[in-house]
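Take a look at the following structure, please.
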Amino acid sequence: MSQQVTQEILSELESLRLIDPHTHINPLSAASETLADIMGYHYYTELAHSAGLAKEKIEEPGISPKEKVGRLIPWLATIENTAQYSWLLEMCKVFFDFEDDRITEANWEGLYDKSLTKMQADGWEKQVLETSGLDQVYLTNDFDDPLTGFDTNFYVPCLRTDDLVFHLTKPEVRARLNKCTGADAADAKSLRGAIGQLFTHFKANNVRACAISLPPDFSPEKVSDAVADDVVSKAFSGKELSECEHKSLSCFVFWTLAEFCVEHQLPFDLMIGVNRRVFEAGVFQGQDLYDKRVSLIQYKALFNAFPQVTFPVSVLSETSNQELVSYSWIFPNVVTNGHWWYSNIPVFIEKDTRARLQAVPQTKQIGYYSDMYKLEFALPKFAMYRRILARALAQDFVVDRGWSVEKAVELGKLVLRGNVEKIFGGIG
Amino acid sequence: MSQQVTQEILSELESLRLIDPHTHINPLSAASETLADIMGYHYYTELAHSAGLAKEKIEEPGISPKEKVGRLIPWLATIENTAQYSWLLEMCKVFFDFEDDRITEANWEGLYDKSLTKMQADGWEKQVLETSGLDQVYLTNDFDDPLTGFDTNFYVPCLRTDDLVFHLTKPEVRARLNKCTGADAADAKSLRGAIGQLFTHFKANNVRACAISLPPDFSPEKVSDAVADDVVSKAFSGKELSECEHKSLSCFVFWTLAEFCVEHQLPFDLMIGVNRRVFEAGVFQGQDLYDKRVSLIQYKALFNAFPQVTFPVSVLSETSNQELVSYSWIFPNVVTNGHWWYSNIPVFIEKDTRARLQAVPQTKQIGYYSDMYKLEFALPKFAMYRRILARALAQDFVVDRGWSVEKAVELGKLVLRGNVEKIFGGIG
Amino acid sequence: MSQQVTQEILSELESLRLIDPHTHINPLSAASETLADIMGYHYYTELAHSAGLAKEKIEEPGISPKEKVGRLIPWLATIENTAQYSWLLEMCKVFFDFEDDRITEANWEGLYDKSLTKMQADGWEKQVLETSGLDQVYLTNDFDDPLTGFDTNFYVPCLRTDDLVFHLTKPEVRARLNKCTGADAADAKSLRGAIGQLFTHFKANNVRACAISLPPDFSPEKVSDAVADDVVSKAFSGKELSECEHKSLSCFVFWTLAEFCVEHQLPFDLMIGVNRRVFEAGVFQGQDLYDKRVSLIQYKALFNAFPQVTFPVSVLSETSNQELVSYSWIFPNVVTNGHWWYSNIPVFIEKDTRARLQAVPQTKQIGYYSDMYKLEFALPKFAMYRRILARALAQDFVVDRGWSVEKAVELGKLVLRGNVEKIFGGIG
C-alpha cells in the first residue's frame, strides 16, 4: 500500500514548479555549453580523482572540453554506484536522449556530440529551465558583484560573506572592498559603513538573503567597540593578526552583518561546519572536509541576540541534524534549510527529512536547494529529494498517522516551495 | 507479511498494563482540569512560540484557561505535522470523543466544552488511569517534598537531586535543605548528614530511585575530603565560588548521592546532556537545549566506583545512543532508559530501539517512560512507542531471525514492563 | 518485489567464496576445540557478565571447558535478543546440527557433547573452512611473531603495531623488540632501523598490511628528528616520560611505520576510536569502550603526507561513519573497511553500508571482515553482513535506481571480495 501512496504523492509533487533557494549559478552563463561543464562539476572530478585519476590529467591547462570528458569517462565505471553518478545519468537521459544504462568508453562520444548539438542550439537555457520547472534561481554573489546584466527577479542575488568574515586580512579582499564601496575602511566605524554600502547595493538589486559558510570551530559573539577598533585598524593597516585577533575580527564582521540583516529585513543563511583545504592536493573544489565535533550551542549568543533575523541553517554533518531539529523546534528564528553537500545523499536525506517532518513546525522547513553550478543539475537533484520526501510522507503520515494523500501533498508542497516564498519573499 | 506480524505483536502488547517509571505528575492534581492543562504542556507552547506566537500572548497573567487555549488554536495549523500534535489529537479522540482530523478555529470550542464536562466529572483521574492501563506512576520529587497526601504505592516517589548538585550556592536552596532536615549544614560532614536524612525520609516513603538531569560538560569524580570541606564551607557561608570550586561542590554532592544509593539500594537515574536556559526568551520549560558533544566516557569513574548501584541512563542526543548501547553491553550496572525529550520522536525511537534490542541484554532495557506532567499524556506516548516497538520486533526478530510471534511478544513485554519491576522493584 | 529481489541477490552472493581481511585467528590453533572456545569469545562472556554473571565464575582458574560453558548457559536467556547470540545459534545449527531455537539448561549438554565429537574429528579445521567458503584468512600478528609453522598464503600475516606505537615505555615491549631484531635500539635512528627489520621480516613472509588500533584522542603528526631522538633515548634508557613526550614517541613510531609502508608498498589499516581498559573489572577483552568525540580531521596531516599509502579505515562509533564516507570520497588513499566491533550490529551495518554504497567509489570499499578469534565465527558474521548487503542492493539499486539484479550482484561481489584482492593483493 505504501508504494502506491508514494507514487500518488510523488506525481502531485512532480507537478509543482520550483524555486531553488541556493545555487552557485553564474547568471551570465547559467546553462552548460558542453558536457565538460557538467562532468567538470567537482562531484565528478573529485570522485574520479579519489578513484585514481591524476589531478594533472583532470586539470591540465589548455585541454579541450571533449578531451577533458574523454579522460573522465573511463573512471565512471568506478563511481557508478554513487548518487552523484545517478544524477549524471538522469541528466543525460532527460536532456540528451541518452538511452543506455551506463556511460562507457564505447558510447560516450555519441553522447558528447549529441549533447553538444543540444546545448549549442538557441534557447538551451530556457529549455532547461522549462524542463526543470524552475520559477526562480537564487545565486551566491561575491560582495563586490555589480549584479548587472541579468534579471534579478529570476536570478535572485544573495550576498555571500565568507570573504568579509574570514579573509579581510588578505590585501586583495580589502582592495576589492575599498574599490566597490569607494571608501577607505580603517576602523570599526568605517568598516561598518562600507558593509552598510554593500547591503544598500544588494538591497537595491532584489537581494533575498545574506549567506555564509562557517568552519566547525566558529562561535559568533559580540565584540566590544574597543577591541573591534583595534583589530580592524590592525587588519586594514596590513599588520599581522594573532589567532585571537583574527577571531575577534571575524566576530565583529559577522555580528555587523547580522545587524544589517535586521536593518534590511534579510534572512541570514548559515552553512555550518566546513573545513576548507583539508586535502590540499585535491582537485578544484574537491579539497574541503569537516570535523563533526560542532554544536549549535556555539550559536546560542547569536540566536538570542537577533530575534528579528530568520536564520535558515544548513549543517554539513548528519550528526548535527538532530540539533538543527531541536533548535528549530525551540528558537522562532531558526529554520531548517536543505541537505548540504556531504549530507546530500539519499540515506542521510531520508533520516534528516523524517526527523524534521516529525518535530519542526511545518512552516519552518526549507526542504531543498540544489547548490548547483550549472542549471542542468536542479532536475536530478530535486527529483532525488522529491522521491525521498514522497516516501517519507507516505510512510510516516499516510500509513502511520492516517493522513489523507491530499493532506500529505499539502505538507510536501509547503516544504518544497511554499516556505521558500514565505521566508525569502515571493516572486515579483 | 511484516505488517501482519506487526499487528499481531502490537495487539498483544496493547493488552499489557503499564508502569510509567518517569513522570512529572503532581499526585495531588494528576489529571487535567481543562484543555489548557494539556495544551499548556511546554511541547505545545514552545512549538507555537517557535512558529510565531508571542510569549506574552501565551503567558499573559490572569487569562482564563479557555482564553489560553483559544490563543494557541490558530497556531496548531503550523505544527500538525509534528509527533507532538499527533499525541494531542489522539488524546482528544480517545478521551474526549473528538472525531475530526484537525483541531481548528472552527471546531475547538465544542472540543473545549465537551472535554471540560468530562474532566470535571467525578472520577476523571481514575478513568484516565483505567483507559491508559496504568498500574503505577513514578514521580519526580523535590528533595524537600513531604510526600504526603497520596498513595506512594501508586504514585511512587523518586528523589530528584538537580538542586542539590547544581544549585547549593543559591541561598533559597540551602534554606530549603536546612528547613526540611532541621539541620544546619556547614561542612562536608554535616552536608552528608543532611543528605542522608533526605534518603531516610524518602526511603520511608517508598522511594524507588534517585534521579538527576546533567549538563553535557559534567563529569563526576571523587573529591578529596579537604576540598569537599573547603567548598561546602564556602558555599554554606554564602561566599562566591569560582567555576572550579563549583565543579568540586557538584562532584562532592553527586558522589555522596551515589554513596547513599549504595546504602539504600536505590537505582540512580541519570538523564545526561541538557543545557538549561539556552533560549532565555523562550516560554516556560521551553528554554533548554543541548550540546551533542558529550560522551559516556565522562562517567567512567562513576560506573567503576559504584558496581552496586544500577544506573538507568537516558541520553538527550540520538548521537549518544550507540554509546549507551555499548556501555550497557559492557557495564553490569548501566541499563538503557527510555527515549528522552528531543529523542522522543519516532525516527529516533525507531533506530535507538532497534540498536538496544540487537545488542543489550534484554534484562537491561527499560523501554519507555512518558515524562508527562498530566496523566492524559501516557496514553498517546506509550501508544507511539508500542507501535515502533512492535514493528522492530516484527521486522528484526520475526522476519529476519525467524522468531515466533510469542517469543517476540515476550521480549516486548519484558522491555515494556518486566524490567521496570525488576530494576525499580515491583508493586506493593 | 523488493523481498524477492533481495533473495535473488543473496543467493548469488552466497555462492561467492570469501577472503576474510581481518581476524585474530591463531593459525596454529585456528578452529575451536570445544564449545568453550566459541562461548569463551568475549562477546559472550562480557554480555553474560553485563547481565549479572560474576567475573570470578567466568574466569576461575582451572575449570574445565565444559564447566565454563555450563556456567554461561543459564545467562544465555538474558542475551538471546542480541545479534551476538544469533551468531552462536547459527554456528550451532550449521556446524553441530543443533535443531532447537534456544540453547538452554535442558539441551546444552547434548549440544556440548555432539559438538565435541565433531571438533575432535580429523579435518575439523578444513571442514569449517570449506563450509564457510573461506579462501584466505588474514591474521593479526605481534611484531615479534616468528611467522612460522603455517601456510602464510592461506593464513596471511598482518603486522600489528599497537605495542610499538603506544607501549614502548614498557620494559617488556622493548625487550621483545631488542630480542627479535637482535639490535639494541637507543635513539631515533636505531629504533627506525629495528622497525625496518620487522618490516623486512614480515615482508619476507607474505605480509599484506600493517595495522593498528588507535584511541580517540590520537592525532598523528611528524615529529622533528631532535624531539624524536630525545624521547626515544629517554624511553630506551628506562626514564619516565611526560604525557607530552609520550605523544611525541607515539607520533614518531607511527610516522615511521607509515614511511615503511611506503617503502614496502603496504596498506596501513587504521582502526580508529577505542579507549582501552575503561571497565577495569570487566572480563578478559571486555573492558574497552570509546569516546565518540573523535574526528578524521585528526588524520589530516597523515592522509596528506602519505599519498602512496592506502589507508583502510575502520571506525568504532557509527557517528564517525559519515566522516569516513566523506574522507574516502575525497582522499584517494582512504578506503572504507568493514564494520568494527560496537558498530558490527545490523542496525548500524545497514545504515553505514547504504551510505558507503551511495557515496564512495565502489572500488574503495572493503565490505566486511569477521574480526574472529576462532574460525567458526566467519560463517554467521559474513552471513549477517551478506543479508544486509543484499537488502541494500535490492532496495537502493534495483528498486530505487532501476539496476538489473546482475549489476547489483556485481557491485556486491566487488565489496565482498574483489576489492579485498585489489587492495591487499590477491591469492598466491
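Letters A, B and C mark the chains in the order given here, with residues in each chain numbered from 1 onward.
The criterion applied here is as follows: a residue touches a chain if its C-beta (ideal position, glycine included) is under 8 Å from a C-beta of that chain, and two chains touch if they have at least 3 such contacts.
A quick note: this is a predicted structure, and the numbers were derived from the prediction, not measured.
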Superposing rotation of chain B relative to chain C, computed on C-alpha atoms, to nearest 5°: 120
Is it true that over half of the residue numbers where chain A touches chain B are used by both copies, so same, or is it different? different
Measuring centre to centre with CA averages, how many angstrom lie between chain A and chain B? 39
Which residue numbers or ranges of chain B touch two or more of the other chains? 293, 319, 351
Footprint of chain C on chain B - complex, ascending: 293, 295-297, 300, 303-304, 307, 319-320, 322-323, 325-332, 351, 354-355, 357-364, 396-397, 400-401, 403-404, 407, 411
Contacting residues of chain C [partner chain B, same complex]: 46-47, 49-52, 78-84, 86, 101, 275, 278-282, 286-287, 289-293, 317-319, 342-343, 345-348, 351, 387
